[in-house]
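Both complexes below contain subunit A, partnered by subunit B and then by subunit C.
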Partner chain A sequence: MIALNNSKTWTLSNYLLALVLLIPVLVMLFGGLTASTQLFLHLWQSVLPRYLENTILLGFFVVLLAVFFGVISAAIITQTNILCKSLLRWLLLLPLAMPAYLIAYLYTDLFDYAGPVQRTLRDWFGWQSPNDYWFFDLRTLSGAALMLALVLFPYVYMLVRGAFEQQDQNLIKASRLLGLTAKQSFLRVALPLARPAIGISASLVLMETLADFATVQYFSVNTLTTAIYDTWLGYGDLGAANALASVLMLLVLFVVLAEQKSRKGVRHQSSRPSINKTVIVLTASQQFFASVFCWGLVAAGFLVPLVMLIIMVVDYSSVNQFSLLVSTGINSLKVSVIAATITVFIALSFGFYQRFHANKFRHLPLRISGFGYAIPGTVLAMAMLSTLGPVDHWLNDIASYAGLTSPGLILSGSLFAIIFALVVRFLAIANGTVVNGINLIPHSLDYAPASLGVSFKGSLIKVHIPLLTKTIFVAWLLVFVEAMKELPVVLLLRPFNFETLSSQVYQLISDEMLEQGALGAILIVIFGLLPIVLLNKSK
Partner chain B sequence: MTTPLLSIEQLSVTLDNKKVLLDLNLILEQGDILGLVGASGCGKTTLLHAIAGFTKISQGQIIIDGKVLSNTKQSLPAEQRQVGMVFQDYALFPHLTVKQNIAFGISKLTHSEQVKQVKHLLGILKLEEYANKFIHQLSGGQQQRVAIARALAPKPKLLMLDEPFSNIDARLRTELMLEIRSLLKLFNTTAIFVTHNKDEVFTFADKMAVMANGYLLQFDQPNIICQQPNSYQVADFLQLGSWLPCLVDGIKASSLLGEIKLGSNKGSEQGLRYLLVKPSQLQLNEDVSVNTIANAQVDYISLTEQGFHYYFSSLDGKSDKKLQFSKLSLYSHIVLSIKQKVRLSINPHAFLMFTKDQ
Partner chain C sequence: MFKRLLTLSLTSLLLMTSDSAYAAEEVNVYSYRQPFLVEPLFNKFTELTNIKVNVVFAKKGMAERLAREGKYSPADILLTTDISRLVELRDKDLVQAVNSTILDSAIPTQYHAQDNTWFALTTRVRNIYSAKRLGKINLNYEDLAEEKYKGRICSRSGKHPYNVALVASMISEHGEAYTLDWLEKVKANLARKPQGSDRGQVQAIHQKLCDISLGNSYYFGKMLKDDKQKVWADEVYINFPNQDNRGAHINISGVAMAKYAPNTKNAKALMEFLVSEPAQLLYAETNMEYPVVKGVPVSTMVASWGDFKADGLSLEKIAKNRKAALTLLDKAQFDL
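Let's turn to the complex of A and B:
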């Protein structure tokens, strides 16, 4: 069949749009990598090795911990008869809604010298000073790794659980008939079969870790993201910040490529449903340890921090705090609604283009624009600054040449830059959702309207968009939530005195005053829960 | 002479550098129902899509009612062709009710006209009680009726049906075919329907077209094609009989079942030919002894309402490999066992012989 619309303008506009989304990152990479060798030499001789080492070590530890937490919990839920299984099944996803910087702050509060835990211990044992006892210090690289792993392990849990559940039960049955016990067949068949899922989820965790800024900043662990932030906001050195961002970008690119390469040639799970699955029956002590492990993860990654936040709200809520919340909340809403709406429009345009156009490379705009999700917010913010900044200067030059009043930093210093960065960063989510939705529409429905005398535009309006209503809503919501939660982009690009919920919560955390913004933090968590609820429902 | 409703002249279609349709000619008169048959991948659906305007043509032209729809220079957009289509999966809009689906293509009419026409079609297709239901609330047969009503509503000049009966329960199929045929006749609608089931053609169509590898092999009334297939491919696809390889030399032909005397009109032919053998044209002698030499053995047995159905293969392993046969089909009430040796012979009849590349 031929495509129903072969308009060249359509091709041009989609390609142009994809290119526009790509340009800032290209400009930054070009600027960063062609930066003077002297600058690189200087960075290399001073801070870069340390930052790189910290970044890589952090990534390594987080992946290690997240895989440990995620695979074991997925195995317990799918392979054993643990109590409250159906409840734990989705409770284990909840930590995804908790920003790592939030639990970093809350646990520091809980465990530091002045915190309730150490105070209680000192009371009990009569210790007088820090010299009397040893207590772990959370504000270290390994502490940061633990905090990140506690909220990122659900990625591993979710994908590996899916892999276990979709495994061909006949393979397991065959291994049992060949003389393996349930445990042996899990270790020798089920686990190796889940390797692709573990690999994919581990790379997701690694990318999220590389993108993290607030946790490491709060713990004063110097990684590439914190270095970019400090170099730009602290020293105002755009060139060096760009160079560091480019290094981070290359690191991320390496992870993405490695992940794609490892996925090549791996055959996916069978879709034979796992009915009548035999589970490992736990003994009483195993039941106890398994329950402690799973409930411990849910508690540490979600329940304890949430309860602490609620206590803070109860103890410290005030009218002042509430009015602050309303004003920042409105800012957040404004930015997120605009970003989500634009993102969904672009995703629909790319999705329909791929579906209907005859162009051989009709997948390209979707592919190109999907790269943004891998780019850390800090890097993306640098890309915006290094691209939109010069454009602003250029516009001002033109204005002064034409004798007009200078417009100021209308692109880089306004919401435009934030929204642009959010669109680039989260378009992949909208793309994925919209393309899945479009693929569910049978191809015959593309052609039926034409056979009834209805034009292409008419068919989009009367058939495809109505059929995609739910998809469009889901895509919009997912981007909206991510935009609400996004921190580094906002921190680096916000106009003067412009605060969103997340930037304000982070600011208060930096000032050790989260109590003042606990309500906002709870709101962020609630927004983070929306996609999890959605995800759970669609399952 | 009246203008034909559909006229396809020297149509070729190339998709992804592959020739899918080659030099195809076809003429349909107003009210004709054409059954288009052929193995899957032979180009049937591509032909429908070319007529509907969903596929670009690389050569030739398609004319409906005197108006050129496609040629190498121009192609009228699908929505302006007045060609209706019933899709294999019906392609009904799941977000619309039965009534709204039927009215989809007539939104340019006034509301009252729309209501009138939808009501008329609902009545004819016995769908009144489902008017406000959604598609998923209907059975397969009901869905198909909605698809037909929807396609007929804009009064298309030509209606095309892509394997319309493939999703229908076998027990309901014949009834539904007759019902839809009488409906098309009622509207005097010219229609083309695609099927890979040749039996449907006899119940549903007035004319038959057999396609293979992008070529239109034969186009005629169904009974004529069955009596006089014009090629090996047509007879083979329609399973009109089994094949006995023969070496033709003038008016006689030699085969592993003995010599066959051909009519004098075959006098000029030479070389390897395949004789179309219907089960009734085979003579079976199961009592083989010293005097009667066996020439075939039983390969397959099944039980049918016409007695046992046997497939035979040639026995003479030393002879010319080209002449060896298999799957020679015969019905008989005589009980044979597998691998039993028998002697077969051909009853004289009007022989139909083809080369394979004909």
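Let's turn to the complex of A and C:
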């Protein structure tokens, strides 16, 4: 392939940027080297093996469920004539707006012994005590996996649906001409072509799962994240916590690299997407099951929890909370918009660099900048303080040396720290989406503008970025929604008198005051919905 | 692309850092205590002194944050629950001694550090809640290990600071070997894996999942005042354990001054305000804790639970046994 740009400044700036984003990760890894072996030994002999087992099982089940939900719903929406297709097409994205810990709390309320479901059953069948009947317990590992999968599957759905829709229809047509039925051609051509999208979204789901703290804590499923919290906050050993976090990160890295390796050489370009798409016509019973599947996902991942929240708000509404919610809502918006915008810019820069530069290691900035996603929010927040703290001290020392008034902790004590952390944490999402989008642009379009005398910059602005508008929007949206929901980073890094919706809601519901947090929770969901609705309208 | 990125990041940097403004008369608080409780206190303080109170509410990681901020930390006052957290702040050299005759005379000696690095503001009891269906019973913490309670006890995570402090006090009383054995037996008696909050355990008793749970005293009052939770609390008795021997385990909420507090004068004023009668009354009324200052009445509801004998064990000793307690909880696999 011919490289279109060999600028050294471009290389330098991208590498520099990637390095800056990698610093917190490095701080964590080096911090791990100071771990006390004695504590490690104690943990290994008592609880760590169980925690590891739980972590691996949880990751496995969530990915399995999310891929199952996501791929099947994407296939139904793109390949069949299911009823209300255009409605379901975007309704299936809505669970993305629900924080996992929120639906965990809500479903526990619903299915608990004292919850409405079991109460009704007891009334019907005249049962008296828990010993009279069996009812599933949601607060288990499989329950946690289900909760996480219900809100994470839209990642898979979104990326896989995109892959299906952008596939070269000639390949599908050729397969049909060669005698495959619509179903066979889907299974043998379309599905394998969507492999990269499935792989990328599955690794996103895995990383989200491993970073989750609130859900597993509420369900008391002890995972590696629990162990990290314990060693750091219980035993007060940041070194050991960093070491455990490094183990967690390497685990994720291993999975991600294995996934990348397994689809090496798979090209998935398309120059003629969605022309005269053929759809599989469903029979009445197939129509029924497909509808139940899709509507079930929408209901379980979004509608039921939303209705529960609305009922709580109606029951417990109080007007004086509203003004507080507006100010925290604005805080949340501010942080999320800034973080999403910066993240997408960086992802584009790295994405274009790997596409166009001749440098042998042009993939490197993309790769290494994605590591942050594998770090749980709390650990990242700690790394942020360890990183920005010294810089702040240095600035203050210089100021006092120069006789100026000390500026205070302008980096680690301000929104800068939160936004930096959010960018580090969610860049992997934007990277994945943007690279996927860039890869879908045929290489012929890279060379065509150049052969017509358009400058490299001009071709980016006139050809590639317009082609990527949708991709950019999707990437921005994903980061925005994640940033709205992000909890530990905000909890640990917020400056004075600063609350976001998620921190406020979490504080209320973790004190068993879910009802009072319901209005705030609805706002998180609504803010999360806005971009999804906008995205749908823009098409 | 890069230039635009740079401009963008610089603009946003300005936007982000503009929040950390410094006004004339103010005091900065890092608080583990919740907004509903401390906001009325701070409002009252501002009303009296005209000093503005800035707060960061935190759930965890306060000591780590302070350590990393070092001498440029904006924090003046640290508000928290649990003695171990206060002692941890001192052991990590994050706080300074405050010499105040007001604090010294208001707070009984066992409830502030000898070197004046921490001060208790309220006390709370680790009670045993028992289902009314069992009738009135008289329990010691030790009894929770008895065979007859198999499958009848509920607990929140063993590693919650309130439980860790209780285990630490058991170590002080009986030594590590006994305490590990006790933990293993209590673990075997649990009706379900440790989960939820202190209130969640009372809910479980209401649901007949278990008969006995551990919980802090003020949660009982809070449940009684909540429309939804009142039915849970109505189902249980609040018991003060170990009344025939050492007394019930006591923990505290307290305050300390940050080592590098930029506003020491205002910080001291706030600390002194927190032991004044109006502030202590607010603690007693809004959160149903026991005021640390002698003579300030508890709320009528708390008074109705009756007097009790408190364990005289030194709080510093409890804090010292914290790590040992955590290790035993892991060994007993209490939360698994």
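In this text, the second predicted complex is superposed on the first by the 324 of 539 C-alpha atoms of A that agree within 3 Å, B and C clash if a C-alpha of one lies under 4 Å from a C-alpha of the other, contacts with A are read in each partner's own complex, and residues count from 1 in each chain.
Heads up, the rule we're going with is that contacts are C-beta pairs under 8 Å (C-beta built on N, C-alpha and C of every residue); 3 or more make two chains touch, one makes a residue touch a chain.
Small disclaimer: the values here were computed from a predicted structure and weren't measured.
Visitor: Is the number of subunit A residues in contact higher for subunit B or for subunit C?
Guide: Counting contacted residues of subunit A, the larger count belongs to C.
Visitor: Kindly classify A:Ala475 by the partners it touches after superposition: subunit B alone (first), subunit C alone (second), both, or neither?
Guide: Touch partners of A:Ala475: none, neither subunit B nor subunit C.
Visitor: Who does A:Leu106 touch here: subunit B (first), subunit C (second), both, or neither?
Guide: In the superposition, A:Leu106 touches no partner, neither subunit B nor subunit C.
Visitor: Scan A:Phe219 for contacts with subunit B and subunit C and give back first, second, both or neither.
Guide: After superposing on A, A:Phe219 lies in contact with subunit C but is clear of subunit B.
Visitor: Touching A:Leu467, do we find subunit B (first), subunit C (second), both, or neither?
Guide: After superposing on A, A:Leu467 lies in contact with subunit B but is clear of subunit C.
Visitor: Check the residue A:Gln507 against both partner chains and state whether it touches subunit B (first), subunit C (second), both, or neither.
Guide: After superposing on A, A:Gln507 lies in contact with subunit C but is clear of subunit B.
Visitor: Answer with first, second, both or neither: which of subunit B and subunit C does A:Tyr235 touch in the superposed model?
Guide: second
Visitor: Quick one: is A:Gly408 in contact with subunit B, with subunit C, with both, or with neither? Answer first, second, both or neither.
Guide: A:Gly408 contacts subunit C only, not subunit B.
Visitor: Output the subunit A positions appearing in both contact lists, the one against subunit B and the one against subunit C.
Guide: The overlap between the subunit B and subunit C interfaces on subunit A is empty, containing no residue.
Visitor: For subunit A, which residues are in contact with subunit B within the complex?
Guide: 1-2, 4, 442, 444-445, 447-456, 462-463, 466-467
Visitor: Mind listing the subunit C positions that touch subunit A in their complex?
Guide: The contact residues of subunit C facing subunit A are 1-2, 4-5, 8-9, 12-13, 15-17, 19-20, 22, 28, 34-35, 54-61, 63-65, 68-74, 88, 157, 159, 164, 193-197, 199-200, 203-204, 206-209, 228-229, 323, 326-327, 330-331, 333, 335-336.
Visitor: Under the touch definition given earlier, write down the residues of subunit A that touch subunit C in their complex.
Guide: Subunit A residues touching subunit C: 9-10, 13, 42-43, 46-47, 50, 112-114, 129-130, 139, 218-220, 222, 229-230, 232-236, 238, 338, 341-342, 345-346, 348-349, 352, 378, 381-382, 385-386, 389, 392-393, 396, 406, 408-416, 419, 460, 491-492, 494-499, 503, 507, 510-512, 515.
Visitor: What part of subunit B is in contact with subunit A in the complex they form?
Guide: 49, 52-56, 77-80, 82-85, 87-95, 104-105, 107-108, 150-151, 153-154
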